[in-house]
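Labels A, B, C and D are assigned to the chains in the order they are written; within every chain, residues are numbered from 1.
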Amino acid sequence: MFHQTPLKTGAVLLLATAAVVYAFTTGFFGLELLTEVAILAIVAIALDLVAGYGGMVSLCHGALYGVGAYAFASATVLLGWGGGAGMAMAVAGGGAFAWLIGAVSARTHGIFFIMATLAFGQMAYAYFFDSPLFGGSDGMPGIARLDLSGAGLDLNDSRGYALFCTVLALLAYALAATLLRSGFGRTLVGIRANEPRMRALGLPVWRHKAAAFGTSGALAGLAGALAAQHTMYVSPGLLHWTVSGELLIMVILGGLGTLVGAVLGAGVLVFVKHEVARFTDHWHMVVGLVLIATVLSGGRGIFGQIEFLWGRRGARRPEPAATEGSPDHA
Amino acid sequence: MTADASFWIVQTLNALQLSMLLFLLSVGLTVIFGLLHFVNLAHGSLYALGAFVGVSASAFAGSYWAAFAVAPVAVALVGIVLYVALIRRMRNAGPMNQVLVTFGLIFVFLDLFRLGWGDIPLGMAEPDLFSGRTEFLGIVYPTYRLFIIGLGLVVLAALSLLLSRTQLGAIVRAGVDNGDMAACLGINVERVFFVVFCLGCALAGLAGAVAAPVLSVTTDMGTAILIPTLVVVVIGGLGSLRGAIAGSLLIGFVQTFGAVLAPQAAAVAVYALLAVVLILRPAGLFPARG
Amino acid sequence: MLEVRDLSKSFGALAVTQRVSLRVAPGERRVLLGPNGAGKTTLFNLLVGELAPDSGLILVDGRDVTALSVDARARLGLARSYQKNNLFAGLTVHENLALSAACAQGKATALLADSHRDRGVVATVEEVAERVGLSELLDASVDTIPYGARRRLEVGLALASKPRILLMDEPTSGIGPGGINAFHAFLHGLPAELTILIVEHDMDLAFGIADRVTVLNHGEVVFDGPPQEARDSALIREIYLGSWGAEGGGHA
Amino acid sequence: MKLSRTWLSAAAALMLAVPATAHAKDYKVGLLLPYSGVYAALGKEIDQGFELALQTRLGEMAGSKIEIVREDTEVKPPVGLAKTRKLILQDQVDVMVGIVSSGVLGAIRDFVHQSGTPLIVANAGNDDATGARCSRFITRVSFSNGQVNRPMGDWLYNKGVRKVYTLAPDYAAGHQMIETFSAAFKAAGGTIVGGEFTPFRTTKDFGPYLTKAQSAGPDAIFVFYAGGEAISFVKQYASFGVADSVPLYGSGFLTSPLYVNAEGPAAKGVVTSLHYVPTIESPENAAFVKAFSAAYGHAPSEYAVQGYDAGQALVEAVKSGATDRAALAEALGKVRFTSPRGPVEIDPATNNIVQNIYIYETVQGDGTLTQKILDVAKAVRDPVSGCQK
């Protein structure tokens, strides 16, 4: 069950402070990385919401993210809408697509759910890859960023945009935390722990799962809109399953079912990758070895391990291990 | 236009050839899934390893058959190392951790291939014995492709015999049906797992060596084949030989005839099929356990 | 209240429920008896919708619910506890009960309010915990509490959804004589208007609590009547002693 | 390769060259290539060619130092754009060189254009990059997808081929290459009897397509495939025996010297067109092949020459006296020099290269396969399709 523990609050505040300090001290490339981390953190939070708390491990969040990016691009470039309407479109698009996937896949579990989401994600990828309307494999250029000059913000400035994305990531965290503390979130955890029992208690489980997946997709769609504005360009590569795979790595690396871990995982993966890439072209191997080491060292992920150690200090009862719960057959 | 009977016979053979390649890969994956409850995403990388080792072996010995012999053995050896170092202790670590570790392995293998064999795609010659084409039923067909079909059928027959007639097979079947029960019967489950894992790896290596003369050998071939193989396994149902062959045939035929009849939809067809199967049969067509 | 007409279910050649008809009045305490394999749990599964019957009807308050899903029937006030503990692993007792209570009180989908701190939910959780004797263990994880406590929580989960019809599948299995006495008291403490169906092996307990007894054998209703009659029935004695006598009518 | 910074100094060469002016301008070059991912081999070739050109012609730059900052695109458009921003904003490079994938080029085009940084494209062939989406800051020294294939239309018709079946991967480059060829072939009087676009980088088995192509009864098959797909395609084409009845033609990447030996005997007799083959007979090419082979241990491919000419174009622009970004962009749009691939110049109307296209056959050489040039289309220039600089 999710608890916004003092440890979590502290970690979030620390991360937010670090992001702001970094934004004012780093160079242009650092700002690119920060923006990337903030955007990926939103998708990772979205993924942790369903995978870590709902037990729905998805391999289509890259596709949801991509759908959001394309929705923003189509709304602003093809339809000529404003940035705000574009963002709304991205949230709606990601949410609607995810709701559909969730509704259809709700009956499947475990590896079958993973594969069902993979199938839908890859279908979306193939669609955008082949669609002349959206530029096919070349993607869509010419995307403008949201105009917040009225509020005194210049998003075309790298620092302004990085901070904007950081704030949205923070809001995404707050939203996810609120949702997980609500009845909706409690029930979601109940479904993960024992889906048949939840049904026997009168919950229309598929509807709840679809709603949760849709919410997650809406968040992913928001991140997609930010990504589209960040690069001012969208391409089908965003939807590819390997993007979903990397998102899953972030969440697990940071600590599945800890929410803060998703943010941490996004940051660690992006920065490790870039740091390693400065020294070798073979950064894949380093990332791979880091992943293996993470699992061998307990499998809780970074923040999961921190919470575990914190809990062992006797301050609090530790969170239940972030593995799939199974019905009690004692 | 000569889209007559011979055209469809050739396309059917194409579909069978693709099915058999998929079968060689997916059967190992599905049995490891079913028996060890282990999600090995690096299975595709083992296939790529088989292809790379095959290229080197055949270049070194000057004969295709060196690849055919060496690749399965080499990949099985790597499988032993993986099993002892990782898989054994990951078996009870939950699917998420397994996914993460084997994802990490994919990355490691990717760069090992780059370091060992470079970035440029490689090729491998067909064996002289099966080069050229064979004429039958009024059609002409590449002999090597017939060899692949034959090999797939031989492996299928051997595995079904192994499963139905031998003690090992009985244990494996019992283990897939109910792992706890097999353990209760005092069977050394650990050793059976080990043998099955190595056999699965050897088959992946064999598939790599067999596919190399038809395809190009590239560093990303393992990741590229992973998804179709997973699709086969999931459509067929985890852990069943019947599921693996049914899934392979289904995907092989859908992909081939999709390419012929509706090329624009070919890219989506396999995923659409997967989605439909999962909606109608959430545990695949032939799930091994109730 | 709850009515079953000609309900049948087979698995292949094995008929597990054969033309079963029942009629349970509001507030009635009905005990289902029968040897192992008589089809009692199957009947429960059919009643709550976890299995679909081959034929026959199930009515709640005169309304045909045969085609309704598990959750839809639960929302009509049908709740069950399981023969094997079926709890929310990894969560606390409070969280377990709150999940059930929130579901019944329409708080399960609240987007902002924490359902587990909701006043109505907390009141139900505390009341149910009191009834099943878990007040001291509310903050303990269900993975760490003793078996007997888990068994009581199993019933508590069903009860927390404030059902109108409560189906309990061997609630006393494995909890020893002390537990059985406590269960007896618990049952007497339940609201009189609650309709209850219990699958029970302990004959003494069964006859002690039942308003009426239904005996199943090989999927068929072989007896339906007041407990005194059941006690005197030669047929029941034969069935029970035939298959259960050797084990002393006990519970595993 | 480690993504290092390289300083190339003319100090040693200075003794022989003209005395330097007091304040020779130093240049910073951002080399943006895939060093990992599927196109890593291409990135490496271009990098090597580029460095060779600078080393060879360093003495001509009047004491200027060139600093190279390398960045890896990973063949991902968002990564490419982030790295572009870094090179332009943070490293403040004077000029950018590289770009293998058209997807990455599409992603960075607007930013490069708005920032006014000159970019020398050393591979990405998307027609639009020097067409509707051209920029006065973007100069392409490699090729355009249309340019490489257009001459084959006439040439095939003149060889007596009347009916052609086409195959290519289903993505932008595949479509552009095939559409340009088809238009030229039809304009010459030929007929396209059919064609298919195969799923990009997921097609492993070309059997179904080859069988279908054969049954359409064409005189020839014209295809575009590159890299691993090219190897698979050529080998499967040979194994089906299609070669006996229907000859194979295509875009020259199909039998690129980079991987033609992986195709083996199956590639023999395949005729394709490309802007460079190592067997071009000219003093420039002889010197280039010799120097490249000596430096890197293998013969150069078309990708190496693209990198080499990107370096040459840069040297020419520097020699013209351009010092800032705008002047460099201006100068790059006008360069002309003799490349290993023959005389080349930049078309001021589009900023695309004007070059010879070689129609060659892959034949057996001493131990390895080699390229026999059959014909040359001189100074092939792209039409100005929608480019307003």
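As a working rule, a contact is a pair of C-beta atoms (placed from the backbone, for glycine too) under 8 Å apart; a residue touches a chain by one contact, two chains touch by 3 or more.
Molecules present, by chain and UniProt name: A, B = Branched-chain amino acid ABC transporter permease; C = ABC transporter ATP-binding protein; D = ABC transporter substrate-binding protein.
The structure presented is a predicted model; accordingly, all values stated were derived computationally and were not measured.
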By Cα-centroid distance to the whole-protein Cα centroid, the innermost chain is A
Higher number of C-beta pairs in contact (A-C or A-D) found for A-C
Chain A to chain C, mean C-alpha position gap in Å, rounds to 42
Averaging C-alpha coordinates per chain, one finds the centres of chain B and chain D separated by a number of Å equal to 37
Taking each chain's centre as the mean of its CA atoms, chain A sits from chain B at a distance in Å of 32
Residues of chain B that touch at least two other chains are 114, 267
Going by residue number, chain A touches two or more other chains at 126, 129-130, 281-282, 284
The answer for chain D against chain A in the complex is residues 1-3, 35-36, 40, 72, 76-78, 81-82, 85-86, 89-90, 102-103, 106-107, 109-111, 126, 128, 133, 170-172, 175, 199-200
The chain A residues in contact with chain D across the complex are 27-29, 32-33, 36, 126, 129-130, 136-139, 141-142, 158, 227, 230-233, 235, 237-238, 277-284
In the complex, the residues of chain B that touch chain D are 1-3, 7, 10-11, 14-15, 17-18, 114, 118-123, 125-126, 133, 140, 142, 144-145, 211, 213-221, 224-225, 255-257, 259-260, 263, 266-267
Residue positions on chain A within touch of chain C in the complex are 1, 178-179, 181-184, 186-187, 189-190, 193-194, 196-205, 208, 211, 317, 320-321, 325-330
Contacts from chain D onto chain B in the complex sit at residues 38, 40-41, 44, 170, 196-199, 201-205, 207-209, 211-212, 215-217, 227-232, 235-236, 239-241, 258-259, 261-264
